[in-house]
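Shared between the two complexes below is subunit A, which pairs with subunit B and subunit C, respectively.
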Partner chain A sequence: MAIQPQLDLLTDSPKAAAVPQAITEPGRRNRRGHSHRPYFSGGILALFILAGLIGPLIAPHSTTHVSLSLYLRPPVFAGGTWAYPLGTDELGRDVLSRLLGGARISLLVGLSVVFISGAFGLVVAMISGYIGGRIDAVLMRFTDATLAFPTILLAIVLAAIFGASEQNVIIILAVGGWASYARVIRSEVLRLKKQDFIVMSVVMGAGPLWIIRRHLIPNVMSTLVVLATLQLGAAILSEGAMSFLGIGVPPPAPSWGGMLAGGSDYLTTAWWLALFPGIALSLTVLASNLMGDWLRSRSDPTGHR
Partner chain B sequence: MLQIENLRVAYLHDNRRSVAVRDVSFDVPTGATVGLVGESGSGKTTVALSVMRLIRPPIGDIEAGSVRLDGVDLLKLSNKAMRTTLHGDIGYIPQDPTAALDPLCKIGRHVDETLSPKIPKAERRALIISLLESLGVRNAATRLGSYPHEFSGGMCQRVAIATALARGPKLVIADEPTTALDVTTQLSILRLLDAQRRERNLSMLFVTHDLAVAQMLCQYVVVMYAGEVVEKGPTAEVIQRPRHPYTRALVGAIPQPTDKSRARLRAIPGQPPAPAQDRVGCPFAPRCPLAADACKVMPELKELDGVEVACWKAGVEEEPRVVAETR
Partner chain C sequence: MIRYTLQRLVQSLIVILAVVTVVFLLVRLSGNPAQVLAPLGATHADIVAIGDRLGLQHPLYVQYLTFLSQIVRGDFGTSYGFQAPVVQLLATALPYTAELAFVAFAFASIVGVSLGTISAVKSGTWIDGVARFIGLIGQSVPVFWLGIVFVLVFAVKLRLLPAFGAGGPEHLILPALALSLRPMASITRLSRSATLEALRADYTLFERSKGVKQSVLMRHLLRNMSLPVITLTGIQLADLLSGSVVIETLFGWPGMGLLAIQAINLRDYTVVQGVVTVDTIIVVLMNLLVDLSYGWLDPRVRRRVFA
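Take a look at the complex of A and B:
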């Protein structure tokens, strides 16, 4: 006989069958490894959003009033006056006032584009990744085509057809921007789909919508947030490029991208035209990236990464 | 009770089909545990997944056969009816407990998700707590809000078992549920499963490559080799008097702590055949010490003292080389 029967192991005395002690501390969660609280990035974003909300009310001058006699005044620390703290542009408009007014347009465009393209990309990624098969193939070829098409060319075509307005800028940038979300999140879904906890849900009789809502979307959220924070800056810059080409937010309405693009003509003589919107833009991008990092580490319960 | 008849399952690669399970038939009686044993690639997990209809194109295809749970053929159900059956009647315990839980989903919610939202929340909570406590999760009430990474592997497996049992299934399918755990935890999990089977009168299909585990837990074993059932019957009979040379070799390959002879571990020479479309003869013949001309024809399962064996040489006394003599 090869093996002695060991059936008695299963029917042991209750003492021997006692379960091992719980190893981890019950209750309280210990979140370690978090990055610092986002005072800097949160502060910057809050400041700019505040500027976007009440900017026009506190601006010292009109954002669009032209007075050619005041053109290209330097900022106060470079020999200018307190009447125009950040100087004036080539048409004599106050740079500070336009910066405050531009916050609203730039942030509105940036956030709307991120939200619309993120939501659309997420939906495409879920359908494509979870259902797979022929639907996946069709959607992904469509995504590839969108990715391959130069955004600025697409923007020119669409702007030529629909005209330039703030609303159209948002739509055009969202049309060009959703594909990267779809691509990246789809690959996440493909990875998650094979995990045992999704199989468990299927075996529990959960339908596709339930699984997508309860398990897939929460698990791709950190990726989505990182992509969104990267795209926020890119969208504001793209709006600037479009303004430069005359298909962005139509002048004279101020936008950071437009000011930056317009100011680059005067870089050697009137550096302040491009510098201040440039700083505002860089700070927004930096703050949104830092915020994204923090959100990602927060949304990961293991506290790693 | 679960009845699997003539199940044939193929995996699809591009245009090729490789048949992973051939004409597999066995029953899981109500209130009993059936161990499905075999080496990696023998098709045991494929059988378990097929019962839950998780083998679907483009991955694979259930080509023939029937899987009846209390008389209802699961393979013929509509997708919707199948989902209802999966939800209500079948519980699944996966191999790796840490991967089986959503890392962003709290412990309590894992179990809660399987329960009907019609049950009041407080009642569900009480139910989950008592279930987890009965599965050996101490202070369950304070741990419902924990995340899976805060639990050890054994604790995660208890939670996974709780999600499988919460709806009171008729059938539990466990796919090597203790393989990823250390031996002491293995034992307590096996005891738990056995206790739950008795208490709830469950049918349990237990996939394992570990004969010692099968011997402890299962009333019946089904031995698979290269997608075919080679021997099936009551556990004690099959393991103490294996009739098929493969089973004999498997039993002989179990290391014995009582063995003082310092003999080398016995391995089965050769490799299992690659899954293919067609096959003639006994798949084990190339590795079999008893292979003869008769083995060029596939042997049917035939009964021999209450055990069914698919071997022309079943019952023929083997030469002593294959079986480990421990005394």
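Take a look at the complex of A and C:
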């Protein structure tokens, strides 16, 4: 699990400052499927967001209601009934309803993390890139350290001291997640600020805040969106891993990671418990990665910046 | 070179100190540290005794200095949950994590670099397809789910491999395989793109036009693509360590990750503190080694950075 989007997906390596050759991905633009519209990933993501928004309203059963008499019913295609299409878990809770409830948790955690860490990373990138000098050096050292630090350790410490909660998951992932925005957007800012339209604005007396608002932020928007899309998947994956370990969203909330953890105890008797949340998680993350890839190849026809 | 090494060494020490300080402060932030450090079911007298050991009656900076001097001497305290000195628990667990991470990473590197290089050279063939598939799946499928699927297939259905615990080499196969997928995906993707870039470079065209032998050309290619791949290694280590916590918990592999998770369940913060400190030191030192290895691999960096 990683809180960051995988770094080879980013155009800039966190170590690029130490290495003269920037790591670009020249083969990327030739990748199959990028010229097509992303129907698959778009469809999955739309389904995921829809499930997160209205899932709990259309769910056939309660996500937390325990009824032991209904425990471990198989899914409908393996001898179950339509009343519980994806079967029930060890406490008799409907798996489909819990999957829908889990979508809401994943969506909420994912979007919160993306929003908080994106905003913070953007601010750091602007300060670091536009002001430069000593502040830049300090901020980038800090960014590198954050990138290299395994966020799960922070998660373990916080869970040990304050206990697990959905709010803590968001805080931890945001604390670990801003650095890739700062790194990548800073390098964009460095490139932009040398360009004529910004140099001219400075000559004409524009202040830094005005330039950042009118020129820099609109110009880094597409990069920001690409990073956010990739991070959405990474954050959902991390939330899943933390909940799986019991240091994420605490039960009985229907988090996909928590469902997987519960299901792993019943592998021999009730395979569906671990199968469905795993598929939901994998598909959502896959779709978000594919969408991020597509957005980047579209916003950047040359394949490298 | 020496100056750069020293500079990086000092930076590394600062990062370690910062993490240790955060670990120290977070417990104090929680209100009563003795309460956090006390085991489940501790009596009031126990908690007072722990508070005395921590020196809670002293001002914060005295507590901090005591804490630092204990850590420097390798004294991480005693675990109430496990009834053993923390340093002893760490010494038992560390080799297991190291073994698992090393095997997983070695496997990921060998497969990833070969697959990535071949897929770039044979761009558009089925091997290229396999490489891209691994690159995509590896970054999307959660390792814990992959681990569960492995257990289901290889241990439960086929009964080929043990699914739980440590023992002979056969115990290592499933967890190492599951852990290797994610770094394998990154390494494959990066090797592929780095090789594609090297293939397009002027020196390759020049060597080809001169009729240089394929094997010599390949050696030059590999040397040039190795830098970005090594760069990734340092970052991957953090990822690998995170993954190992999940994999160790799933497979009951008695390493640092499982120790930390068990400690949380026992509310044994002393152990958590030890694991986090040691893990941080490992990650920081590995990153230092990666940084220093650039100069060895690429003379251009040596001249620029070490000048």
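Keep in mind that, in the parts below, the second predicted complex is superposed on the first by the 216 of 305 C-alpha atoms of A that agree within 3 Å, B and C clash if a C-alpha of one lies under 4 Å from a C-alpha of the other, contacts with A are read in each partner's own complex, and residues count from 1 in each chain.
We adopt the following convention: a contact is a pair of C-beta atoms (placed from the backbone, for glycine too) under 8 Å apart; a residue touches a chain by one contact, two chains touch by 3 or more.
Since the model is a prediction, treat every value here as computed from it, not as a measurement.
With both structures placed on the common chain, the touch criterion links A:289 to subunit C but leaves subunit B unconnected.
When both complexes are overlaid on chain A, the residue A:202 reaches subunit B alone and has no touch with subunit C. Of the two partner chains, neither subunit B nor subunit C is touched by A:43.
Of the two partners subunit B and subunit C, more subunit A residues are in touch with C. In the superposition on chain A, A:133 makes contact with subunit B only, while subunit C stays out of contact range. Looking at the shared chain after the overlay, A:214 reaches subunit B, while subunit C stays out of its contact range.
Note: residues 1-2, 6-7, 9, 19-21, 23-24, 26-27 of subunit A belong to the subunit B contact set and to the subunit C contact set alike, using the contact criterion stated above. Those residues of subunit B whose C-beta lies close enough to touch subunit A in the complex are 52, 54, 58, 83-88, 90-92, 94-96, 99-105, 113-114, 136-139, 142-143, 145-147, 149-152, 154-155, 160, 163, 184-185, 187-188, 190-192, 194, 211-212, 215-217, 236, 239-240, 251-252, 254, 256, 258, 323-324, 326-327. Residues 1-7, 9-10, 12, 17, 19-24, 26-27, 29, 132-133, 195-197, 199-207, 214-215, 218-219, 299, 301-302 of subunit A are the ones that touch subunit B when the two sit in their complex.
Residues 11, 15, 18-19, 23, 26-27, 29-30, 36, 120, 123, 132, 136-137, 139-145, 148-149, 151-152, 156, 182, 185-186, 189-190, 192-194, 196-197, 200, 227-228, 231-232, 234-235, 237-239, 241-243, 245-246, 249-250, 260-261, 263-265, 267, 269, 272-273, 275-276, 279-280, 283-284, 287, 291, 294, 298, 300-301, 304-305 of subunit C are the ones that touch subunit A when the two sit in their complex.
By the touch criterion stated above, subunit A contacts subunit C in their complex at residues 1-2, 6-9, 13-15, 18-21, 23-28, 30-32, 141, 145, 147-153, 156-162, 233, 237, 240-241, 244-247, 257, 260-261, 263-264, 267-268, 271, 274, 277-278, 281-282, 285-286, 289-290.
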